[in-house]
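Below are two complexes that have chain A in common, paired first with chain B and then with chain C.
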Partner chain A sequence: MTIRKLSEKLAVGVLFSSSTVTTLAVLFIIFFLFRSGIGLFNDSSVEPHYTLVVHKNNPIDHLTSQALMAIFDGHTTNWSEVGGKDLPIELVTIDEIASQYDEAALGESLEGVPACVEDYMAHNEQAIGFFDATFVPADFSGKHLVLPKISLADFFLGRSWYPTAVPAAQFGVLPLVMGTLWVTFLAILIALPIGLIAAIYLSEIADERMRKVLKPVIELLAGIPSVVYGFFGLVVLVPFIQRLFGLPVGETALAGSLILAIMALPTIITIAEDAIRSTPVSLKEASLALGATHWQSIRLVILPYARSGIMAAFILGIGRAIGETMAVLMVTGNAAVMPSTFLEPVRTIPATIAAELGEAPFGGTHFKALFTLGIILFVITFLINTAVELIKPKKP
Partner chain B sequence: MKQAIWMFTLMAAFLAPSTVQAQKVVAKIKGSDTCLPLSQKFAEVYSQKNKGSGISVLGGGSGVGIEALLSSTTDIAQSSRKMKLDEKMKLQKAGKKVKEVIIAYDALAVVVHPANPVSKLTREQLEGIFTGKITNWKQVGGPDMKIIVYSRETSSGTYEFFKEHVLNKKNFAPSALLLAATGAVVQSVSQTKGAIGYIGVAYIDKQVKAIDVSYDQGKTFVKPTIANAKSKKYPVTRPLYYYHVTTTERNIKPFMDFILSKEGQHIVQAEGYVPTF
Partner chain C sequence: MADVKVEAKDFNLFYGDFQALKHINFKAEEHTITAFIGPSGCGKSTLLRSFNRMNDLIDGVRTTGTTLVNGISVYDKAVNVDELRKQVGMVFQKPNPFPKSIFENVAYGLRVNGVRDKHLIEERVVTSIQQAALWDEVKDKLKKSANALSGGQQQRLCIARALAIEPSVILMDEPASALDPISTAKIEELIYELKQRYTIIIVTHNMQQAARVSDYTAFFYLGELIEHDETKTIFTNPKSLQTQNYITGRFG
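Entry: the complex of A and B
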């Protein structure tokens, strides 16, 4: 008697702890995500331990990340373009210093470098120097520029994503967010009607033999690894889309959406079918008894009853699509540009995280930016879930 | 703690010759992913020939390898770029003298679709194409066709090298398609008519056409081949380095000798890289 009670208590304990552990794991992951991503803002977009210097007569005190990139890419070539004097801009890094001065001046263990930097920068009013801070002497006669900080606006509204650009990295996530939303949106637009129709067919129309064949095949679709979908997309779908639309390049948002639609189908079909089949037989029979045809019953009785289950299928389908990484990474081309048509390459958030996290220095600005991208992804899915939860009708 | 490890390494270095045979090498190699297949092959062949050797090879990127050298968590740092000045200074501050050994060269080829009639480009034209100033093949003597730029991901060493040596440190066009692996670049270039990309010469095959490159404003164009890279005629060539601290040189000398031997350099050529001699 007591043994049975004890084992019951134990069973309850196991059930309780496993659900608690799951909840804690989710909370821990969210906490980790936010902890790693926060702190990005107000970091400098210039790598730590580096500094930007100009001549003391240069009126410029600070430059934005964008302005710095334009200067170092050679798009801005005159100081007057950024509000300075009418002088051509000369870029100076340690390589220029090393080629301007001989071994004797630089010193055997590089102890002469700061003096050379001082000398060069003092004599060249048009120069902008980008150096390791230890190469600039403490009594430097020129000016240190105020290093640009990453602001919320730069991050969320910026349109260029150059996380490893030197001297100033660019973290504009707008193209990545838009890319993700576009690809997911089209994928759901394709997958939802097909999935719903297939679910209705499987649950209401197909006979038992047909169902026994189709259902396992559809479920098999969910078991194919995403990298296989990606490879299929790259060698079959991408050239097909390129030829079909006569495009210069086949790696497009459309290719990503098609692959995602195929990948989301098993989830949508399985869950929607379960929901439709769970309609009580008494309801169906009542409808038929009132003289409704099979079609009318499906449309007016079964589908409204199964609405919440179909909504769940919709959410999980989006969840599958928005977070999918590998297949999208392989077929969308990953160019970080604002999407303007489905027939051009896009870069999605999951693909960006997967492609860049491995090489980003641990704890650095790039690393934090990638985690902030993870937070954005989390918030998007959270909002979708909440929205669907709110519009979901109560069960009759 | 660090000092204790350091002392232990030193002690091991002194004790080692008396207890083990000279050819047996136990070492860790860490760093560049470009060097990874080559180092793995070296380690495999060497361990087979010298029983009892244990050479472990890890990737992670050139910077990671050099960082590991600084924290004494690796014996050899493999790197696809020359050690940066500030990295050298950091090591110097930590009281470590570093020896640099060039183990092989890697040549990068610019490739286009086989049907593209353009077969040679100057460095300036390449800079224009990859930074997005030149957008149509007719601007460089080809057909009226949009140029599709394929690049490697921003974090790859190949990307950095190409940016530094071909693009003159300018950034790639934002519209460049970024691919995660060299194999993907080959696949995409082979199925896109207007494509241009860059890959190691080891990856050139019939699916793509390699472009002759000129670094003297179009006077001479050089074909990207292992032979041309070996004779230094082909300009887009980068050395691959091993860095190690001078104090551990004795331990790993047999292995380093093996790499620079005829046999070692034969492996280099067989793996599609350019031998040092």
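Entry: the complex of A and C
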């Protein structure tokens, strides 16, 4: 008696703790994601322990990340372009200093460097220096530029993603978000009609034998690891697209969309088929008894009845496509540029995280930016799941 | 002698290996109401559904012999099922309106049969709802969803929907079994009215209902048509002992 009671108590305890652990794990992951990602917006886009200096007569106090990048890439060559005097810009790094001064001045263990920096910067009004902070003397006669902070606008509206650019990294996620949306959108455009037609065929037209063959095959599609899809895409689809359109590279948004479409199909077909199947037989009979053909019954009674379920299928298909990482990483070419056609390489959010997390220093700005990308992805999928909950047919 | 509208000639039906109907011979004349009675599983609904081939939806159904509607052999390969079903209205056990407006429910049969004329559709919808004795209750809410109606109203809407395609025969599969007594009385009254224009076959488990509304009654047992005669005769002086036992409630 007591043993039975005890074992029942134990069973309840196990059930309770496993569901609690699951919930806590999910909450912990979300907390971790937000904690790691949100800190990004207090950071400077310039690497820590580095500083930017100019001559004391230079009227410029601060430069944006974009302006800095333009200067260091050689696109901006005159101070007047960024609102300063009409002087050509001269970039100065520790390498310039080392080549301008002899070893005696620099010192054996570089102890003379700060003096050299002071000397050089004081004599060159057109110079902008990018140094390790320890190489700039404490009583520096010039000005330290205010280091640019990463703003929300820069992050969400910025069009360039150069997370390792020197001196100032660029974290504009727009190309990544657009890349994700483009690839997903085309994938759904392809998968949606095919999936719906297949679902109608399976639920309404195929006989029992045919369904017994097709259904497991379609469900098998969902079980293939995504890296296999990616490999297939890389070896078969990418060269095919390259040849078909005569492109320099076959790794394109189109390749990613096709692979994603194939991957989203099982989700769409299975859920849409369930929805179509849930149409009461009595409604089908009513339609047929009124002299409607099978096709009329499908179009006018069955599909309208299953509409919300079919919508749920599409949205879940989008969710499946938007979060997919590996296959897309392998076939889209991963160029973080704003997409303009489907025949160019693009880079999606998940692919970016997977590709860059390994080389981002732990806890650094780049690392945080990748987690912020994770938050964006989380929010998108969360919205998708909420939408599905809202439109799903209510079970009585 | 009036025209024979519905007929079965040595009709057999099999679900796989199981024979559900055995050598059925049956006739129903124009403007009559025939009630099919018998215990569950006796084949009465199956026979009803053999007059408009609703059994086609079930896998593994096989038939021999013929059923005829308006003299057309129902199971003939040359027959267009959709055309056939336009001549045969059907009302089901549970009210099954489409999740559309009241108007669209009734208009559906016309639309799928290619009627485009708006005025004609409107006219037929109104007359059908009137014939189904539902007009006064729904005339102000034709655009409202049919699901908002009560069960009895829904069933009368389903009858109106069947009438709209102007069939000559109406098949009713226990049309009142899911309804309360008041709604049932209304449906019965309506069935009696409809006899003026249509040939009606009604499957029912309710003996009083069969006795009240029908001119003829057919008793089925284990897939066979045991007895078919005027309702009065069946209920007062049945020839078969099985019929007598059933209508007096000794089994079934």
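One rule holds for everything that comes next: the second predicted complex is superposed on the first by the 331 of 396 C-alpha atoms of A that agree within 3 Å, B and C clash if a C-alpha of one lies under 4 Å from a C-alpha of the other, contacts with A are read in each partner's own complex, and residues count from 1 in each chain.
The rule we apply is simple: contacts are C-beta pairs under 8 Å (C-beta built on N, C-alpha and C of every residue); 3 or more make two chains touch, one makes a residue touch a chain.
Quick caveat: nothing in here was measured; it's all calculated off a predicted structure.
Colleague: For A:Met69, decide between first (touching chain B), second (touching chain C), both and neither.
Modeller: first
Colleague: Which of the two partners, first being chain B and second being chain C, lies in contact with A:Leu87: first, second, both, or neither?
Modeller: So A:Leu87 meets neither chain B nor chain C here.
Colleague: After superposition on the shared chain, which partner residues are touched by A:Pro163: those of chain B (first), chain C (second), both, or neither?
Modeller: Touch partner of A:Pro163: chain B, not chain C.
Colleague: Count the residues of chain A touched by chain B and by chain C, then name the partner with the higher count.
Modeller: Of chain B and chain C, more residues of chain A lie in contact with B.
Colleague: In the overlay, answer first, second, both or neither for which of chain B and chain C A:Leu214 touches.
Modeller: The answer is neither, since A:Leu214 touches no partner chain.
Colleague: Using the touch definition from the top, say if A:Thr134 reaches chain B (first), chain C (second), both or neither.
Modeller: In the superposed model, A:Thr134 contacts chain B only, not chain C.
Colleague: Contacts for A:Ile384 in the overlay, against chain B (first) and chain C (second): which applies, first, second, both or neither?
Modeller: After superposition on chain A, A:Ile384 lies in contact with neither partner.
Colleague: Go through the superposed model and pick first if A:Ile375 touches only chain B, second if only chain C, both, or neither.
Modeller: A:Ile375 contacts neither chain B nor chain C.
Colleague: Help me check something: in the complex, which residues belonging to chain C touch chain A?
Modeller: Chain C reaches chain A through residues 52, 54, 57, 59, 82-83, 85-86, 88-90, 92, 94, 96-100, 108-109, 111-113, 158, 161-162, 165.
Colleague: Per the contact definition, I'd like the list of chain B residues that touch chain A in the complex.
Modeller: Touch residues, chain B against chain A: 61, 63, 85-86, 88-89, 92, 131, 145-146, 148, 153-156, 160, 168-171, 174-180, 184, 187-188, 191-195.
Colleague: In the complex, go through chain A and note every residue touching chain B.
Modeller: Chain A reaches chain B through residues 49, 69, 72-74, 94, 98, 109-110, 132, 134, 160-166, 234-235, 238-239, 242, 248-251, 329-330, 333-337, 345, 347, 355-356, 358-361.
Colleague: Could you please specify the touching residues of chain A with respect to chain C in the complex?
Modeller: Where chain A meets chain C, its residues are 207-208, 280-293, 296, 300-301, 304-305.
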